[in-house]
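Next come two complexes built around chain A: one with chain B, the other with chain C.
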Partner chain A sequence: MGTTFLPIASLTTGVADRDGWMAVLPGFALGIPYGLMIMSLYKKYPQKNLLQMTEMLLGKWVCKIIGVLYILIMSYFGGLLLGQIGDIYESSIMPRTPIEMFYLGGLLLVLYLARSGIEVFTRFTEVVFPLIVIALVLNMGLSIPRIEQGELMPILGQGIIPIILAGSKVTPFVMEYILFLAGILPFLPADKQEFTSLKKGVWLAVFLVGFMNTLVVLMQIVIFGPSETVNLVYGLLVLGKMVEVSRTIAGVESLFLGAWFGALVIKICAFFFVVLWSLESLFGLKGTKSHLVVGMIFMGVALNNKRGPGLVVEIGLVDNYLIFPFASLWILTIWTFSHWKKKVGVS
Partner chain B sequence: MSSWMKMLKDLTVRPKGERRIRKSPSFSFDEDMNKPISGQTVKEILSKSSDIVFREFNFPGKSRIPCMLVVVDGLVDKNILDQFVLKPLMVDLNHHPDLERVTLANVIDITIQSFLPGIEIKKIVKMEEAVSTILSGDAVIFFGESSEAISIGARGWANRGVNEPIAESIVKGPHEGFTETLRINTSLLRRKIKHPSLRIISLKLGDISNTELVVVYIEKIANKDIVSEVLLRLSKIKMDSVIDVGYIEEMIEDFPYSPFPQIAYTERPDVLAGKLLEGKVGIILDGTPIVLVVPAILMEFLNVNEDYYQRAMTAILSRFVRYVGSFVAVVAPSTYIAVTTFHQEIIPTDLLMSISAGRQGVPFPALLEALTMTIVLEILQEAGLRLPKPIGQTIGIVGALIIGDAAVNAGLVSPLMVIIIGLTAVASYAIPYYDLSLAVRLLRFPLMILAGILGFFGVAVGLYAILIHLLGLRSFGVPYTSPIAPLRVRALLQDTFVRAPWWALKRRPQLIDVQEPRSKGKG
Partner chain C sequence: MDVFSLEEESGCLMKSSRKKYMTGLMIFSLFLILSISGCWGKREVEDLAPLMGIGFDLGEKPGTYLVTQQYAKTKKGGNSGAETEERTLGAEASSVREAFDIVSKAAYRTPFMGSLKVIVIGEDVAKAGGFNNMLDFAQRFAEFRRSMYLVIARGKAEDVLNLKLRSEQLPALYIRSIIEGGHELSAFPMVRLGHYLTVLGTKSTAPILPVVEAVKDGDRIHYKAEKADEAGEIRIEGAGVLNGDQLVDFLNDEETKGYMWLEDDVFNRLINTVDLKESTVKFSGQVLKSNTRYKVKSDGENIGLNYQVRTSIAIDEVLGLDRQLSGSDWVELVKEAEESFAKVIQQECESAIKKQRELGFDFLGIGRHIEQRNPKYWKSLKERWKQEVSDFPVSFDVKVTVHHTGMSSSSATNSEGEGQD
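Up next is the complex of A and B:
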């Protein structure tokens, strides 16, 4: 969720124009088959992550190659997201503070959260998720007076094809979750009943995130209009800037950023965990040193990357051309192999 | 390992096994403690203290066994001894039919069975037990060369009556509080829970102080694992003395370096009874009116027992006010610093102009202004806390009105800052538990510094760090942030942010895996 709310309106509206809001849920739905594949693999190989399954099905060396790719992509993407913390804070509310301070603040939180363990991480998400939803609802609710209904019309003016294409821009976000899921598999409950309730929870969360994202895109289109929405990379923050409550509180974007920052910490930490688990699976590395090394890599990527619109473009490129193809090919291959081996009787 | 590293480790790492903090010195009588019981040895051990009374007499009848009653002057009820021990043995016994069959071998058994009235009379066989019994305020009678003795419960010392606790006063509800005497406290609890399932397990702590302590719980409700864990942790404590529950608290809590309290405490029998009925375990120590309750969760420190005595709707309002107050106490100064230093855009123009006018002429940045004012507030609180009441009030008036007003007039601080700090102080008083209030006071400082350096980003970093810390805490295995995380919807809606009406409180809180989750008495 952390990175989707801010750029999603610009991404979908850029392809489907004023119908962009209709592309969000179908885009999320494209991730469902991959989610199901992961679940079915987990049933077959309980308490194993996707890398360990790869080793069992495709052998040690293929696993090592895929694992190294996985670590590289996740480290790079985690670093980019860390960079996004600094970029957004610097560009929106604190232009004179050195950007490195934001990187450092974000990274320290990620390290602390990762050191606290997966249980604390999941509880952290449990607490922060409602905060984000409340912040979003407040931000959008307080913007209602600025709505211009005419901006939505005509609906489906360019047909259904742009909506499908816009949906493909959303799917990489889902693939990010799927890749995290691939790493967290050993920590999922083995008990059938607990697993079923977890599955329900995941689907509900995915639907809720999809629905909230749809609202976010819809609100920006009806307030800014489609062409302005495309230009505003962080449109939701601009929306927050325009809020004024009874001449007492104005420009709540700095408060909204607080909730968004928590969400981004969750996401970066998720990738941090994935890299740590992969290092442990592949090379047996673990402990404080591996935390520090991964933290330094994230920091290095953040420091040596682009800023502003260039960073958003870079994140989009990694999403579309690295994460999406890598996740879809890897999961599909493993799933196919596991079925083929079952059919031919190879265990 | 170098010596300073070892010293650092000793100071920072709590040993996992036996929790010993100070090795007890050895005494000349340590060896005597293992000898068989003898009045002479007891005399040798205790005669150097002027408050020990040795009353020697001979047993009536043919046997003429030399006896010695040993007590501590001031700890026993002399009337009980005169009327129910010495008079029956020295006067009334002369005509007793069993007197003729008394010998040194059977004197103790016959005395217990036939000669002495009273309830708390028992045979003791160990020297250590005999000495400990005397020093605890009971009387012990030694019989000639017998290797056994009789202990008689005759405790009676000056004690404070059952009064309303100052730190936990309420408007509606019972007004009695625990005292410094263990047995009075257990009796107060018994009066609240008249059920055979209430268990009171006795222990002794402190090699020198020999402080009595009881662990209380309701067997049918409390989680057995938690009870065992409490007993295990208490049994591992090795200290010279245990004067107050604070000694125990630090030895048994899960995270000793956290500023947040992980063990609840109370001075009220009704609060303890309520918590035991939720499946918790109480620790009552002799010599202090404070009773520890485990496990404890964060939300518990923001709720008070009066919530259950009021109507549900008013209780919900009270809780809401307390939660808001706690949040304001944590973030008010740091938010002010962040807004005035970095995020003026959040304030509408008119308000901004007013704030700027107030700050005009103030020579210090907002961070320094807030830090100074908060430190002054802390000094005033600390100064007023332990002074006699009238002087304490004067300190408050001098601090708040005279110094504050003079500082504003001198242009050293802005009027708004005085309001913010005042609001923070008042808000922190809305936190019902003093320990949590102290944690909040402590955490305000790093948050203010972060706000002064990084604005709202710094405040967010600080608050998220506190949140991560809280999420990692456990109290005797129970997550500290439960029922928010891990989320327990029923507990959240039943008795956390809101307090459901009594008829809807059908289940005990789900925070602990209690044995009888459904409450029969409620609903």
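Up next is the complex of A and C:
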């Protein structure tokens, strides 16, 4: 969820026009079968992450190839997201602050969380997540006076096909979450009762985030109209800038950006952890040195990449052409292979 | 309890308090990081010049614009810190950024765009077209907000912003106040930059902007002017219809009011039947509530749009009553008033439609209404919509309900035979 609510309206509306909001939940729903596939694999191979399962099912070398790809994609993507922190702040409220300060600030927090361990990270998300939801709800609620009449109509004016196509733009976002899930598995409880609540958690995560994102897209369409929704790089930030309470309160977007900063840190840290766990599984690398090396890679990607709309396009490309095919193929292959092995009785 | 379990318990407690400490420290660091980076580009509020209005006129050199910038300055010796005086500067440039650059060299404070309230587009720029290029800066640069208002000036925007108003207010703030009080009148559209861009995006609808003008003594308003032939008041009346960003024509007051009914943008309106020839008793009233819906109707062969206006009015004034009315007469008179008000509303709506047909530009958004109600039909129509705008069948169904007639059930009348001449 960390960054999805920033480009999602532009992506879905660009394909499905006024019906873009309808594509969000179906697009996210594809995450459920994949999440359940991972859960079923975890039930068979408790305390193992997906890379370790790959090694057990497909052998050492296939696992190494997939693992290296996994590390490369996650490192690059994490770096791009770090770059997005600077891009958002620089283009919206702090144009004079050197962009590197935002990268550094975000990275320091990520390093601190990674160093403190997964438990502190989850406690951090527990504290920040409600703030993100409150900020989003407030942002959208206070934008209601800006709604333009009739912008949502006609519903299904273009038919169902654009909605399906727009849904395919959303699915990579869920795959980001699924790839994190693939890495965090050994830290999850494995007893039967907890396992049921984990499965429920997958449903809840997908629907909660899907619902919030649907609201985000819906509000942007009814306020900006479809054409402007597509044009705006960070539509939600523009929405924040339009919030005015009487003539007294304006400029509250800075407060919203504080919550979004937390959301971005959560997402970057999730990928940071994934890279660390993968390095440990594949090459036995761990400790402060690996933290610093991964941090430098993230920083390097952020510093050497595009900014503004170019960065958003680059993130979209990685999502669509790397994360989505990689995650869907990998998980499906492992899951199918594990079932086939069970069927033919190979241990 | 043995020693080991006590140690274990105290270890757990230490671990849990350490976790709490770490979480607290982490959240603190989050805010610390944000505040540190914030100091970098800080600007003290005393060093900023809050921009209140911008005006665009054509420059003398081809391809240039005269960009007038109105800043607010705290009034020295004012009764409160909120009292401001104007500081208006203009620069001729080919881009708005360049104009700000020129003005900044003369200004002793840094312009702050976040406070901008009004953009005034001069008549010459509006007629020449192409002012979207000037608006690009306002929709792109992060300091601006899309909630600022857009107006077209009759004459030059520079003249409007340089007016010395009798109220001693800044013209930009005065215009903002008139617009924001506009719901009381519902006689002109309230157009923010965001709304303008949304309408532009629809392609089929022609944008419309309210018109601001300087008012001299005797121009339907009388006041004691300090200097003869110098305007001291500002008025918003009528609207300008645009084809993209080029002004096509102005709507008069009646046509603009018709637009407001059809756009379902009437909140409270003052309305009178003084100009209706067919009735001897005239009424004035205030619209309490109004709702306009539309239906795309088909009679088998033709498809047309039917507007349904439902309005609730309170009668404030009855003119031309020459006798005291009984209760039943009063009820009849109220029915007559409802019909008279409905006729006035219908006339205003018809004049807006007539203008739309004359111009051939869909400023009423009829194309969008068809798209909303009958997207299939719209698909077959949208390519030739420009040709169809002038002939598309439109009908009205206006119903007025008089909510109340004020504090009296009759009017003051002369005794029979007195004062009739």
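A few points about this structure:
We adopt the following convention: the second predicted complex is superposed on the first by the 346 of 347 C-alpha atoms of A that agree within 3 Å, B and C clash if a C-alpha of one lies under 4 Å from a C-alpha of the other, contacts with A are read in each partner's own complex, and residues count from 1 in each chain.
Please note the rule applied: a residue touches a chain if its C-beta (ideal position, glycine included) is under 8 Å from a C-beta of that chain, and two chains touch if they have at least 3 such contacts.
Model, not experiment: these values are computed from the prediction.
Taken together through their common chain A, the two structures put chain B and chain C in a clash.
In the superposed model, A:59 makes contact with neither chain B nor chain C. Shared-chain residue A:308: touches no atom of chain B or chain C.
In the superposed pair of complexes, A:157 makes contact with chain C only, with no contact to chain B. Looking at the shared chain after the overlay, A:127 reaches both chain B and chain C.
More residues of chain A are in touch with C than with the other of chain B and chain C. When both complexes are overlaid on chain A, the residue A:238 reaches chain C alone and has no touch with chain B. Within the superposed three-chain model, A:262 lies in touch with chain B and with chain C [touch as defined at top].
Contacts of A:108 after superposition on the shared chain: both chain B and chain C are touched. Across the superposed pair, chain B and chain C both touch chain A at residues 89, 93-94, 97, 101-102, 105-106, 108-109, 112-113, 116, 120, 123-124, 127, 241, 244, 250-251, 258, 261-262, 265. On chain C, the positions that touch chain A within their shared complex are 19, 22-23, 26-27, 29-31, 33-34, 36-38, 40-41, 114, 142, 145-147, 194-195, 197-203, 264, 368-369, 371-373, 375. Contact residues on chain A toward chain C in their complex (touch as defined above): 89, 91-98, 101-102, 105-106, 108-109, 112-113, 116, 119-120, 123-124, 127, 146, 148-151, 153-154, 157, 223-228, 231, 238, 241-242, 244, 250-251, 258, 261-262, 265. Per the touch definition, chain B reaches chain A in the complex via residues 342-343, 345-348, 350-351, 453-461, 463-465, 467-468, 471-472, 479, 481, 484-487. Per the touch definition, chain A reaches chain B in the complex via residues 89, 93-94, 97, 101-102, 105-106, 108-109, 112-113, 116-117, 120, 123-124, 126-127, 241, 244, 247-252, 254-255, 257-258, 261-262, 265.
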